[in-house]
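What follows is a single structure, and I will ask about it in a moment.
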Amino acid sequence: METGFVILSYVATFGGIAILVAVMMRRARSMSARRPPEDQPWT
Amino acid sequence: MTSFAVTKLVAAKDLRIELRSRVLINQVLPFAAITMVLFAFALDQDDLLVRVAPGLVWLATLFSMLVVVQRSFAVEAGDGALDALRVAGVPAQGIYFGKAAALAVQLLVLETLLFAAAFVLYSSRFDGAGVFLLITSALAASCGLGLVGTLYGGLTTGTKGRESLLPLLLLPVVAPVLIGATRATEAALGVGRISMQEGWAWVALLVTYALLFGIGGSIGFGPLVDDTA
Amino acid sequence: MSGPTSTRATRAIGIATIVGLIWFVAFGLFLSPDDAVQRKGVRILYIHVPSAWLAYLAFIVTAVSSAAYLWKRTRSLTWDRLAGASAEVGVLFMGITLLTGSLWGRVSWGVYWVWDSRVTTTAFLFVTYLGYLAVRGLGGSHEQRARRSAVVALLAVLEIPLVHFSVEWWRPLHQQESIAKGKLQNLMLFSLFVGVIVFTLLYVWLVMHRQRVLAMQDALDDRGLEFAIAERRQEASL
Amino acid sequence: METDPVVQLVDVVAVLDRFPALAGATLTVHRGEIVLLTGPNGAGKTTLLRLCAGLLPPARGTAMVLGLDLVEQREAVRSRVGLLGHSNGLYTDLTITENVAFWGATVGASAEEVSAAVERMGLAGRLSDVPVRKLSAGQRRRTALACLIARRAELWLLDEPHAGLDAAGRDELDTVLRAATAAGATMIVASHEMERAGALATRMVEVAGGQIRGQIRGQESGTP
């Protein structure tokens, strides 16, 4: 039972982060498609 | 005009509007009274009720405060008065302290009536010394709530459905007041395992809370309200 | 993993984070021993403690950048976006802290939630910064958003000591929790250390990317505004 | 010096939630003038008035009112400007006298000034103790104007002041506005009623697409 909770905490944490990163990257890609690159001072 | 004069002017205006429209007595008080009756239904045992009466009174006060704060700024936004206040170049500190004072007075009236209700409904009892602690803690808590209510009420006023933000922003912020006021009231009423001396320590926390938000709020209120989006 | 907001720096940090992550899971789940008292429960701490620290760090960064925005000389929307990005990552880490905290509580004491001062203050911060993020979304120009959010962020900082003291007097810290954490040594302490490094790298990487996404969003708004102004001026000459 | 313009807008852009209500408006108004803003709905008339009242920061361009910069010295500008928008800026639970007294008090006006303002707008007597909520639109408008007088506003910004008034009410309003400008006030009036407001205005200006498009002379001649 204990290992179940431990696994759950690892999966929930890193799974959650992975999903949020994917969402952020997708939104970044869709936004960058809609405008010219010079708006990205960091490139 | 000095900020103090404006504070008096705005506070007097708010209280006169309240006396004229009596929203507090006609709407807020019945709401608070019903809440206390519902608490009694929910908790059911009499000895338990006496024990938690302070908490219930302050919870009823907090929920009623949301209504009073929204009313306080609805009066301003009603006929474009908030814009007019800004156009009149009235200093933001004056508006902040004025409305906070009016709000604190209304909360004090509400608390007095709710404590009377607790006296009847929950048969709470208190002796002489407790009264002094009770009154001081109610005063300190009401000042704190008045300041914080005005601050976040001002932020969430105006159009674009900002009003629904008020509970989310305000309820966490008033947690210390809920804890402090309830403990101090428990000490005043001699319920719970808290001594009078500890009660006074909680009053000190309430006073610090009010002072911090008096200073921080008066600086923050202007920029918060002033974004004429 | 590369996208429009990636640069050599973020790619480097990204790779380091992934390597660190694998290293961390290896130590956290397999290489480090069970704890004498808590057996496997201690492994949850390797996430719980670092994410709590990083959440606090994130909110400090938000407060500092809000102050930087409000100060006339250092006023720039970059500070505002940094405050926003750091708050978002902070809320994410605070959520993780609360989740792993309650799982760890369940394993150690059989109860999901305990009303002690630290947990309650953490929950309070989580709700407060959710409110901050809601305020960021209130609309108006970028400058108005920035100024309003900065004031709310600094007010949140003003509340933290008040909440902490009132909760501390209300429910002092449970003794068992502080003892359990004190006794970690050797490999377990090392796993915790690896956790802190990985979460810090993760925080930096997330904030850098998130801040650039916000910058692109603002640039998009400004471009839209330029276009609307040009269109509006055109309208007049009809 | 006298020729110092009361209002000086140069290429001002004002944004309302990412919509450029004003997209490069340029306008100069001198003391004592009554400038009429005409133009279709959504042209930016109301926004221009709210900007001059200091309620809306100019996103671009320079905006000076009463010689003060609208961004840096916004507080100072506000106390000398009066805005009468679609809403009258009154406390509807309070009576006429209480409202005028409140707004007058913000500049420390004396009781005599307050009663004079109420008198001037023909609201004295029994009427002045009635809560504003119970008044007609015309009476509310006059109360709001009484507040402007009590506040000693130097620049009056009126948005559709004639709307909802009967013929008698409109004449009365014109006399009050003329009297105020004679006493040194300056006015910018946004209105659709060309003939009524046109007769009153010293100058007419057309607003379109968030800009000042053309200037139509006032009473003297119809052509710019």
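Descriptive notes on the structure:
Going in written order, the chains are labelled A, B, C and D, and every chain counts its residues from 1.
Definition applied: a residue touches a chain if its C-beta (ideal position, glycine included) is under 8 Å from a C-beta of that chain, and two chains touch if they have at least 3 such contacts.
None of the values given here were measured: they were computed from a predicted structure.
In terms of Cα centroid distance from the overall Cα mean, chain B ranks first.
Contact tally for A-C versus B-C: the pair with more C-beta pairs in contact is A-C.
Our note on geometry: subunit A versus subunit D, Cα centroid distance of 52 Å, whole angstroms.
Note: centroid distance subunit A to subunit C, computed from Cα atoms, is 14 Å.
Work out the mean CA point of subunit B and of subunit C, and you get 32 Å between them. Averaging Cα coordinates per chain places subunit A and subunit B 42 Å apart. Residue positions of subunit C touching 2 or more other chains: 139-141. In subunit B, the residues that touch at least two other chains are 229. The multi-chain contact residues of subunit A, meaning those touching 2 or more other chains, do not exist; every residue touches at most one other chain. Residues of subunit C touching subunit D in their complex: 139-141, 143, 221, 224-225, 228-229, 232-238. Remark: subunit B residues 151, 155, 160, 162, 165, 168-169, 172-173, 175-176, 179-180, 183, 201-202, 205, 208-209, 212-213, 216-217, 220, 223-224, 227, 229 touch subunit C in the complex. Here subunit C touches subunit A in the complex through residues 1, 3-5, 7, 21, 25, 28-29, 39-41, 43-44, 47-48, 51, 92, 95-96, 99-100, 103-104, 106-107, 202, 206, 209-210, 212-213, 215-217, 219-220, 223, going by the rule given at the top. Interface residues of subunit A facing subunit C in the complex, by the touch rule stated above, are 2-3, 5-6, 8-10, 12-14, 16-17, 20-21, 24-25, 27-29, 31-32, 34-35, 39-43. Touching subunit B in their complex are the following residues of subunit C: 124, 127-128, 130-131, 134-135, 138-141, 144, 147-148, 151-152, 154-155, 158-159, 162-163, 165-167, 169-170.
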